Amino acid sequence: MDGFFLSIGVGLCILVFLALYRVVFGPGIFNRVAAVSAIGNKTLIMLLIMGVIYKRIEMFIDISLVYALLNFICTLAISKYLEMEGDK
Amino acid sequence: MRILSLIIVILTAAVLIYGTLDMPDCGNPDTPASQHVSPRYVTRTMEETATPNIVTSVLGDYRGYDTLGETTVIFSAGMACILILRKRRRQ
Amino acid sequence: MFDFIVGKYNYWIHIILMMIGFYAMMSKRNLIKKIIGMNIFQTAIIIFFISIAAKRGATLPILEHAHDGGEHAIEAISYINPLPHVLMLTAIVVMVATLGVALAVVILVYRKYDTLEEAEILKKIK
Amino acid sequence: MIRVYDDIIVKTIARILTPFIQIFALYVIMHGHHSPGGGFQGGVILGASLILLFITHGLKETKKKITEKGIAVLSSLGVLIYSGIGLLCIILLGNYLDYGKLSKLLHVVPAEARSLGILGIEIGVGITVMAVMVSIFLNISTGGTLLEDEEDNTR
Amino acid sequence: MILLFDFAILIFVLICAVAAITVKDLLSSVIILAAYSFLLCLLWAGMGAVDVAFTEASVGAGIGTILLIVAVSKTTRRSKD
Amino acid sequence: MNLTTPLSILFMVGGLFFFTTATIGLLRFPDFFARLHATGKGDTLAVLLSLIGISLYEGFSLTSLKIAFIAIFMFWAQPTATHAISRAGLRRGIKPWMKKENKR
Amino acid sequence: MDMEIITSIKPLLATVTPLLCILLIILSRRIPNLRELWTIIASLVTFSIVASMVKTLYTSKIIAYKLVEVYPGVDIAFRVDAFGLFFALLSSFLWIVVSFYSIGYMRSLDEHSQTRYFAFFAVAISSALGVAFSSNLFTLYLFYEILTVCTYPLVTHNQNNEARSSGRMYLGYLLGTSVAFFLPAILFTYYFAGTLDFSPHGILNGKASNGMITFLFLLFLFGIGKAAIMPFNGWLPRAMVAPTPVSALLHAVAVVKAGVFCQLRVYFNIFGVELLHNQNLDIFLIYFVSITILLGSLFALKQDDIKAMLAYSTISQLSYIILAAGLYSYHGMLGGVVHIVMHGFGKITLFMCAGSILCGARIKKISRLGGIGRRMPITMLAFLFGALSVAGIPPFGGFMSKWFLALGSIEAHQWPILVVLLTSTLLNLGYFMPVVFISFFGKDSESIKGYPDIREPSPFIVAPLAFTALVSLALFFYPYPFLYLAEIFVKSMMGG
Amino acid sequence: MIDQAPILVVIFPLIFAVVTPLLGWWKKDLCYPWVILALSLSSVCSIITLKEVLGNGVIHYHLGGWEPPWGIEYVIDHLNSFILVLVASISLLVAISSKRLVEEENPDKVVYFYTLFLLQVTGFLGIVATGDLFNLYVFLEIASLAGYALIAVGEEHAPFATFRYLVMGTIGACFYLLGVGYLYMATGSLNMADVAQILPDIYSSKVVMVAFIFLLVGVAIKMALFPLHAWLPDAYTYAPSATSALVAPLMTKVSVYVMIRIIYTVFKPYYSIEILPVNLILGWLAVIAILYGVIMALRQVDIKRMFCYILIAEIGYMVGGVGLANRLGVTGAILHIMNDALMITGLFLVAGAVVYKLGGHNINQLRDAFKKMPFSMAAFAVVGLSLIGVPPTCGFFSKWYLILGAIEAENWIFIVALLLSSAINAILFFKIVEIAYYGKASHAHNGDSHGGNTIDEAPVSILIPLGVVALAIILAGIFSGKIVSGILQFAVPPNL
Amino acid sequence: MQKRQTRTIPRSAQEGEHKLHNFIVAFLLLFIFWVIFSGHFDTYHLTLGVICSLLVARFSYDLLFANVRVGSHWLVFLRFCAYMPWLTFQIVKANIHVAALALHPNPPIDPQIIRFKTKLKTDISLVTFANSITLTPGTITMDIIEGEFYVHALDKKVMKDLGTGEMEDRVAHIFMGADHTNIKDG
């Protein structure tokens, strides 16, 4: 079963890599933000998968939870900045 | 300037990589780092501090003074920001 | 050879990462870029420390059977070395604190010179 | 940056999420003994929850919840708690930060006393970190005036 | 086995780092740094340093990025390099 | 091998599938708003499925409840974030991509 | 050398008394009379303390006093031997005279910052005494440096551009040489010898290689810039911008003699005469300073400014004294040492005369002195006395020392030195006599003609210079306190 | 309570710093006495610690009651306790002087200024007291962060200078941290004594070598050793006066202390002499730093900047002394830590007084300063003489030891650099003195010459520390023998 | 904080009993959260939980229940739970739609921006509606300006789905018990 989760993790890794394309090249700031939040979601799941692999998932849930909560704040801050930009 | 910094960077990297040649492999459980001081933290944290999270017990107790310093660093950063940026209202 | 690379991989990556940060700190002319370089530099060091702590086949440095009265013998070999983690917690805190102060200073600089480019600031100082 | 974010959705969601973030942050602080987390992390999350309020509701509204003075007092208070516990150990004839000596005061075995001592300092760290994070954020985002730019709700 | 993650993530981290310092737009740079921090968190969780990963998660997503964004918003987004 | 394991495999694979489509959407869609469709929705469901898969695998305990909390938070936060960023895009004057015949 | 050593605080007292007087001077800065009274009292007290030690010294004893240890084996300590006392006696005695003279001079010219002047004057005397009494090279260096620094405000007293550049020159030469040569020389000495204490036969003997000895010798020779040996003499004429009492006491007696004193101390008590002689360094030394003797006199011939002329004369005469270390003979050494006091009295008289002329007639140039002797007869007579004494014409004190030197050169079989001495004497007369001649017998110059009010200045000025002129005459007949001390010292050098 | 003194030295300023903002909210005026109280308590504790160390030998204080390799340990030996006293007392002096300066320069930020002031002192004391490599890093960061903030509120271009300082400082701290990491990897310990015990077996390891290099480079950046000094002049020039008086003397000294610790305690001297010839490199860098520093100082027209370059040169002295790797040289370096701390404090306090009274730190603003602020300038003169190395000021004695050490190590070029720098310092110092002294000449057109005669002295709160520093400079000179034989000879690493 | 009643964020729920009620509800909710997070059921941890929940509830009960009149909480909650399955179904549909679009060799995207007025009044219902729109097939709420929704739709089909107003009705149904007075934040 570990092998299965590991392969899911690897799959997510590949997805993260793909999303990184948008982060690095992705024209404009908005695409990047979208891609980063996508990466955040994948990270969240990958953390849990690592927890499963380590057999200590309860230790990793908190981190995932933090991501669920704070990724949101981060995105809000960026979008607020983008909205308020220009009219300082 | 760019060339100079590139040279410095490459030099530093060379020194560092030279240093890695003698390092134990990553993940090797027999390194001095894992053998000398840290085993005690692992084996005796429960009986000495009753805290299963070893990191917390080391952070809070064995090396608690570092953490005091850390808190002070944060405190200084806060005060530093206030000192640097705070302006009076009239402006 | 493969073992060699696998064993040293983390170290080399941390060196490369650190040098990226270092280069950015030295040669980038934008102040915020320098701060970003600083961030990368510091995280590279953290990677190094965490690599020191890693132990193959060991689990997290949180005791697994803490509350069953010594039924399971605790062996140091089966837990990852916690000490570097502790050090790096402190280092991250320092990193954040430095980031805060650096940004405050940058804002002050911007207030004064109305630019973040080092070259332009130097021109204005003269 | 700290102007009111005139978006009903964001405001409402932030408002509802804030208490949960805060209780989670406190949980992180208190349960550093058993799971990852501790004073700093919890403090940062706590600070982030307040920052969320500042971002979405603006300075004026949020200042009713927590004032500048309060932030300053809290940031000192945290370090004071920490170093105070240390001094308490000195008064109880131990070395600085020797929580084992607190067992006389708390009537528990030294190991437990150490555990409690760690909790105490985690709380201190959490308070300081929270207050300082908010104060850095406020200072940077308002350029040090801690005054809201004139409210602009026209759009 | 976790090493497999390490390999990949370290490469990603490198990519992010290079991108963060080469992108001309400061805000983009900051956002790339946020992604960088996610990856680091992942890396550390993978290496068993949960506490550090936790800290990086809270700092990277919660404070560090926000502070940088705020600072950029207070100054300017443009950068010459 | 009880029933939960295949179920969890199913859910995990489903989650991975939606992650994949979301990422492909992120890469392929023509403009920012369309990409937001991909990430905003795809990721929400994918996360939900993966969480269910993991909690099934782990068996029911307090842990699953915590995972449920993650799901709930995601449900609140994800659309809000998507909304916020799209609103910012709209207000900053990013023109949504239109099909050519619509442009007239 | 089994001389009896007596511990006594007297040398410290003598050094500190002028410093205490500074406090009083500063406190009473608003009341000039009281301020100057303090100076005079201090000078008298100092002199009496110094003089009270003479008797002890006559009985071949040495007074020592250790203040504090600054380094293992190196102390700040005082040790009074005959040579030191000799120099101290001269300085403290002349301080009394010059104190009176200063009062008259400063008041008649209505100088500014007189408090500062008197204060730093006291410091200078204190450090000169310190130099005289120091028991080791370290203490010597300490007071030497203090002397350099505290003279700076005196030299630049006028605070105009000329004073400024002279001050620069002064410090540049003195500090430069002392830091660049003297200090390393001391350190090397310490490194090789393990001690810095003065010893009658030197401490370096057998401690260092020959090359090193020569190297050290050169460092000392050039390091002690106050001795104004030829390449490093430039500061002395420039320092003449100072008020005349300063030039008189410091640049005829205290400072320059301190330099010479240091040189002799080093040659006698660090190297030891035997060592110098064995290495043939003495020969080098005497021929080297001979150049200074001759060139100094020649330069003096060219000068039109009285004080500049006197300064070059001083340069020339200082090197006579250094001859003492090079002439490896009893009389040679005696002559050099005695020349300190003979030249001191003579030259101070000349300087005071120059000051008197400045006060009375506002004249600085020799070419304008025509007829002044008729208006200011006492001054010019004193000038004549001083000039004859410096030139070494009997019956003046200067003759005695020159005589001894000549004897010494004969004893040491250094005939060329004898020639040098004679030539120099002729040159001395050559630049002094015209001054005397035109002042008495020349036509009234333009600076004098229309000014009927030119006359002898106040008695505070005239009395001291007349007194010293008479003393330099008297020293020919009764040189004994000084001569005895010098003999004791030279005997202790040669006797061992 | 006496056995708790080592920790109280550090904890007092920390707790007081934390309370300061609260106190400031309540009553702003209380901050100043509060800071003084904190630092006095800290000084008293440090003196108690020193006494304990002198009486009973090295103190090991186990924080949290954990034995050394596991817990953090304070190891207070002679070197430590000496520098603790130095840091505590100098910061007390600066704190006393800061009152008017802070009120003048940052009137509405007094509270936070004092908070960070105390935090910075905490950092310094923590660095000095600790016996743990990582703990040192933490306190280094406290000191640095507080320093950045304190400098950033200075005048004109302070923010940008601070930014550069911040970037450099972070690089330095990170290098240090990296070095600690490498060392930890090789030894598995963070305790200095423990590491020192383990290291000799693995001296051949490349990891240890890289660790050593990075530790040194990190510290060298923090202390602004020659090629890494670029941040210093700007940062300290534009800093507020009170800050520069605190940071300039102490930050560099503490870094030198750390360097001594690393080279001679954590590593054995054998390592840096035989295996990795670091001492040689340090020696050369020191020579270049000295010459570069003094020559650059000569070119400045801004006195604060000039002092900064002097500071760079002084760092060269200490690093050179450390690099000599013999007892005398290291003694000289340690002694110079004290002397230089005193001198630089004096310099920057004078700069503070000048800025306060004359409104700027351009050298031309000093015109007539001797008239206006005689006491400040007198103190400045003492400091300047010490910088030149005129006995009996303390600057002479450290130079003395350093040169003796250099002679022993046969490092002639270092001697030359030292002497040359002394000479140039003399020029520098008298350049300032001249301007301060002759100011009137260029102001002559302002009318009456007595206009500038009124004394307009700096406030007492500055004068008292300045006077204490000046006195300390002289006393430290006179009693340097006592200091060396009483404390420093135990402080020098025993295996040299 | 008690003294400055007029300055707390919410304008409604200022009467004392509502306040207390809200406070208790918030406390209970938070405490349940705490217990689930904590996973330790000994007195020590529960005490900590009570203290923490009290603190947070004290700080932010008014944030949690701003603009919602008490009384209908439980009913709303139940209706909301009933709404969830439908929403989940919609989300699955949406994702399959998006997946199909993403995997389509030539994505048949035809984006539109729709504007429509809504009858919903309270902010909580508005928010629920907006988020539901965002989560459902091919639509994103871009902006709400004075009750007018700006929705970005991926193609015309979803536009029609939205046009039926089914979702709006369902959301309105959930919150119908709540007071529909138009009170907004800030």
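Letters are used for the chains, namely A, B, C, D, E, F, G, H and I, taken in the order the chains are written, and counting of residues starts over at 1 for each.
Throughout what follows, a contact is a pair of C-beta atoms (placed from the backbone, for glycine too) under 8 Å apart; a residue touches a chain by one contact, two chains touch by 3 or more.
Source: prediction; values computed, not measured.
Counting hops only between chains that touch, subunit A reaches subunit H in a minimum of 2.
The pair with more inter-chain C-beta contacts, choosing from C-H and G-H, is G-H. Measuring from the average of all protein CA coordinates, the nearest chain centre is that of H.
Spacing of subunit D relative to subunit I, judged by their CA centroids, is 27 angstrom. Subunit D and subunit F have CA centres that are 32 Å apart. Inter-chain centre distance (subunit A to subunit E, centres taken as mean C-alpha positions): 11 Å. Multi-chain contact residues of subunit A (touching two or more other chains): 33, 35, 54, 58-59, 62-63, 65-66, 69-73, 76-78, 80-85. Multi-chain contact residues of subunit C (touching two or more other chains) are listed as 6, 9-10, 16, 18, 22-23, 51-55, 58-62, 66, 83-85, 87, 89-90, 93-94, 96-98, 100-101, 103-108, 111. Those residues of subunit C that touch subunit D in the complex are listed here as 62, 66, 89, 93, 96, 100, 103-104, 107, 111. Subunit F contributes residues 5, 9, 12-13, 15-16, 19-20, 22-24, 26-27, 32, 35-36, 39, 43, 46-47, 50-51, 54, 57-58, 63, 66-67, 69-70, 73-74, 77-78, 80-81, 84-85, 87-89, 91-92, 94 to its touches with subunit A in the complex.
The residues of subunit B lying in touch with subunit C in their complex are 1-2, 5-6, 8-10, 12-13, 16-17, 20, 23-29, 31, 33-34, 37-43, 45-46, 52-55, 58-59, 63, 66-67, 69-70, 73-74, 76-78, 80-81, 84-85. Interface of subunit A with subunit F (complex): residues 1, 4-5, 8, 11-12, 15, 18-19, 21-22, 28, 30-31, 33-35, 37-38, 41-42, 44-45, 48-49, 52, 57-58, 61, 64-65, 68-69, 71-72, 75-76, 78-80, 82-83, 85-86. Within the complex formed with subunit I, the subunit F residues making contact are 17-18, 21-22, 24-25, 28-31, 33-34, 36-38, 40-42, 44-46, 48, 62, 65-66, 69, 75-76, 78-80, 82-83, 86-87, 89-91, 96-99, 102.
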